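Lettered A, B, C, D and E in written order, each chain numbered from 1.
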């Protein structure tokens, strides 16, 4: 494998097709490293098989690399050893690092290519938040693949008992939590994941604030809005109407047992919530409540193409990416796995519509496209998230006052970003 | 403390190391244990110490049955045949160990240990580890360790085997002295008969795990219970002749010769003696008979050796070599034919098959 | 004895060491040297191996990083908490298991099993044991009137919980090694000690402990090294987080984050070397003490 | 001690919704033996088992050999720089393995061993831990025996194999056991250095049961049980030899 | 093989175990090594075997300097004082081990080993492990192992210490026989003087790491180089009297008495004798002098003991006990005053400080 394409990937902003100098006329096999296990892996395999069958010369070979952590390590090791595959799953913040180290390819030329590319319509059909998440300096480095978002799970039995509706605002959330809390039955109203710190940006945004200015890499959450968000959360913790998953690791378990009435967590957890709830409780899901504004972060990985691949391989990869993000495939994927379709047009797809009618909870995520944003992904994001997570936890566990925690978090986060530059 | 063994037996898998041992050792006695290599001496000591549990039989200390009592509660001192010194402790600490276990105060323990070390002449080695000692030095540490706590019973398994003659003599006097002083019942395994004869109150002789005889040394020497005991004791060993007992039950004729010996001790009573017997005579019980008329064994001198002040004659009788220790006053040369007379009451007569001594000894 | 080194012996030793050295040299020493050098790279491209600048700033960074010191502190607490308890417990159990007790094969297996049980099962069950509401430990403590402790969600209790888990987990391992070590003690010393009137406790104290000292020495060095490197247990117990509010962050966790999370290879290497130096000094002290204390 | 083990077995027989009940349910309502079948078919476990066996056997034997040789040198040959060399080796144990993962991957890639048995076996053919452990045992074998052997005309090498090795049997079995278990359970390394299903080992198969949002515990536990069982059996067989001890008599004092 | 030690010294830290040893042992000789416990016997053997490297000095086998030669190439057989059997090998395998190392075929090795086991009477124990043997049995395995390969040099460190008298005699005859047969240069450490006297060509006597005397047994007994040698050999030991040498250099007067003894051997030449000397006379070199005119030592008999055929008298001279072995022909009772005469040429004279023998022996 050579690095031949490095020079061509840049300055292709406006409609130039210089990136694609090649065609595929002999068989090419490309590897795709992923972390999809179990049923997810099987589904991915099915889709890939279908792709391979549809192609004359291109074969995509799937390689499972354990979980995301393992995958990340393996990519790092392979990058060092120059044995990278052609494609891999990647989170946005990984991609930032890959870009920094010239490891992945700008896909813009492919998007814009007349023969192989997307039409504007096709391009714009990709959900905006997902497009944005894959774009750095106007260049697209990946396509969205398995995407999820945070939603609000609630225990319908308890809600009925207390005459409650799914909360749509912070105020209602707080109220509901208050009502659902029952010290005798050891029920706490609201359950939050241990990783609450990582979703702190959501709360800041909902409070109307800004977490981070991406352009200047400036931390913005040490603001009245940031304080409001943290105080809101902390207030519920102090009042004993909210709790963290703690030793239960994932909140789905206590929620499924009926230890909490509400649970804010990832839509990817739906199968586990239903597993835990089975035979215990009845439940449903709703979009996250609004603060001053609505805001939900979207998580999940994208597929990216390494720059070490040859031109033919890259083109082959592009064909695969197009296939995987096609309406049919994304619907199929979403249906099989519970992830969210990545195309707006998919929402209108009859198969999908029918599916969410039968499984309403799977339709919750897409309701939040409008208010969606992606996780902060600057260089140093990992460290920044760690710091924020730690400080937020310190506050929520009663170790620090809100002001102090917020200030420390902001300072630590800023240091992390500054250092990483 | 009196020590009594009743039918004590020790079996290792299918090997019987000690076979129905019945012995009572009186309080304060020093008993030497003798027997060929592998006859079960160490095993017997190990059972007395409680380190092996007898597969059968009972052991009493005084009138207490001790079979079930752990060694650490038996108040025993022991010198192991292989020393078993603690490799991680200095010589001083090794000797102090039994005292420490008794919670003797450190100062006192050290004093006692130093004293004991002096007795066994290792007081210049106190800071060394056993690995830095010579064989004999290790052995002396083991002796000191066994003696220092003045035990009720002392078991010594060849405690002097690695010492030179001089030291050996001194050590055994020392052991004897302490034993007498504290009246410790002591069992002493040794291979040195002279040692056994000279220090012990009684000797316990074993063979193949079986008890043979248990009595004071001189008595064992003079009146062995059987042929094995007779031939085990004494150096050079007793001379044995196939012989037959005459009708008068007094005269013994040595097979293949015309020599006849008349016994001066009577046969045991109630015995129905086989006519074929073994006649045993110790080398020092011969004398040169010059009187032609008297009885004696005729033979040709094949070697004359001087030992100490005396002459050791090797005399050929019936193609076998008979050893006799005789006064040097009569000059006898190689090749001379001599007649060996026998001192009165010094002849032994054994049954051919059982080896049992057929003569009645007045001492019993 | 007067056994002095010679060229000949050195060559012979090299021959014996060659296979192991080849492997260890390639897969341990070489990467260690590489990452040692890397700890001095302050500006460089990791993937292309281009170094623009060297310096000590990685070290000055970690020494100014409160997170690093927190990790060091936690690690120290962990080592001090785990090593002595674990050694004493496992020695005691190994001695018991070495005795001719009933069902000893069964008990030995019992102590061995944690060692092979799936980490996931271990972590789940321990999370249950430590559970504030339903946990076995709090249930048990409840009998003594102790009110429920938030073992896993209270930052104060995270280290104790981690220590308990680590002691439990390391037990089987140490026991096996101790059992092997016990076989090495010649029975005759026990016989002699019995004769000298030593009770079983005294025999343990005066014979077993000193004569086992080379094994204990080994285990203590290995335990300290491994405890300093504690990582998996944190991962297992706190579900991938370094405890509530990073209260169980350890040095290796710190290194791990810097390396795989932040791609801050220089700082990670520097932290690894800081840890290395600490363990190394401690080990040298142990070796020195051991030389004097370990009998034969 | 065995609570996690019991939980593991009980979970492996549970229905999914029984898994996470608090406090745990020790006996499932219905024994779901089919979990084992399902688990077995979720990954190519037969192939994984074969690979695991190859790796465990080869690396255990290999490590024993290198360890015996090296431990002998460190315990019985007085060579220049012995103490320093030993300290350096000990030192290498102090560097966290996480730091070494990538450089070693690169080395293997340069050697062209990625995705081959070599990568799974060769880096693990020597262990400082084992050398250290065995050295401690060798040190305690009485020097009289080496004296006797030398007198009997025994070269160092033969002495090592015919006297030291039999006498250090408990230690060697311990080392082999620990090694076998370590190698059998190794996860991250085999995952990183292999890419094709054909080269992967059993623990890698366990990843089939968990995702980023949760885990199918009943299947994971069924598979885990199947995986650890051979190790428990191995231990039960070998522990006898660890305990059996070696004769020590034959030397006075 | 001739064995030569030149200034061989062995130092353990600050302990000098062997001090500048100079000895040449001729090819095929059997040398007994004697000396008090801890005098350096084992250490010397270890150096000859190559197990210890001398801290100074040179060792030659024939005319080859062997200091640098490893033990495994020295073709030595050795019995260790502590046996050092291979605990994990059966008795048979233990004995076969040296042969196996020599690549003798298995069948042949086994045959030779069985043969040797028979000689040392352990052929019924071949399948046992050393731990299942008695002390003496282990020792015999060690002997068999040392002999089986018919080495060039045989080093035996108290090989018979744990055997009973009978077996001991047999074993030493056996060793002697094999040694003679194959002409193995042999060094034999023993504490049994009688043994040393009877089987060895020469005796090597040591003290505190220092060589004392090296010569044939009888010569050492008759002409000890110094007081230590004289008093180490012989049992009961030699009697020593403080004495002074008269001007004529012939007469010696015993301090505190009027007794004067006239020497029949001349003083060594070129000696400037101190007037204060030590007179040494072995017990058996006394006789009872009945002629009033003749010289002798007067004393009062305090004990008469019969040993063998003779009488051992304890005679008090100047508050010290003098032991004399005399013929039983003269009846002496306790309390009798006797005059002890000295056999001609049997008196020894030693320098007080150095202990050196002052008399010229014609044998040298």
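Operating definition for what follows: a contact is a pair of C-beta atoms (placed from the backbone, for glycine too) under 8 Å apart; a residue touches a chain by one contact, two chains touch by 3 or more.
Every value quoted in this text rests on a predicted model; they were computed, and no experiment measured them.
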Subunit E and subunit C - chains in contact with each: B, D
Length of the shortest touching-chain route, subunit A through to subunit D: 1
Maximum centroid distance from subunit B, chain identifier (CA atoms): A
Interface with the most contact pairs, given as the two chains involved: C-D
Mean-CA-position distance for subunit D and subunit B (Å): 58
Intercentroid distance (Cα basis), subunit E paired with subunit A, Å: 95
Centroid spacing, where centroids are CA-atom means, of subunit A and subunit C in whole angstrom: 37
Separation of subunit C from subunit D, taking each centre as the mean of its C-alpha atoms, in whole Å: 17
Shared-contact residues (touching 2 or more other chains) in subunit C: 1, 3-4, 131, 133, 188, 260, 296
For subunit B, residues contacting two or more additional chains: 81-82, 84-85, 135
Overlap residues in subunit D, where contacts from two or more other chains coincide: 22, 246, 248-249, 251-253
Complex contacts: residues of subunit B adjacent to subunit C: 49-51, 70-73, 75-78, 80, 82, 84-89, 97-98, 100-102, 131, 145-146, 149
Partner subunit E, residues of subunit B touching it in the complex: 12, 15, 34-38, 41-43, 81-82, 132-137, 139-140, 157-158, 161-169, 191-193, 232, 235, 237, 284, 308-310, 325-327, 329
Residue ranges of subunit C in contact with subunit A within the complex: 45-47, 61, 127, 130-133, 135, 150-155, 239, 241, 244-246, 257, 260-264
Subunit A-facing residues of subunit D, complex: 16-17, 19-22, 42, 101-102, 105-106, 108-110, 114, 188, 191-192, 195-196, 204, 207-214, 216
Subunit D residues within the subunit E interface of the complex: 142, 144-145, 147-155, 158, 162-163, 166-167, 246-253
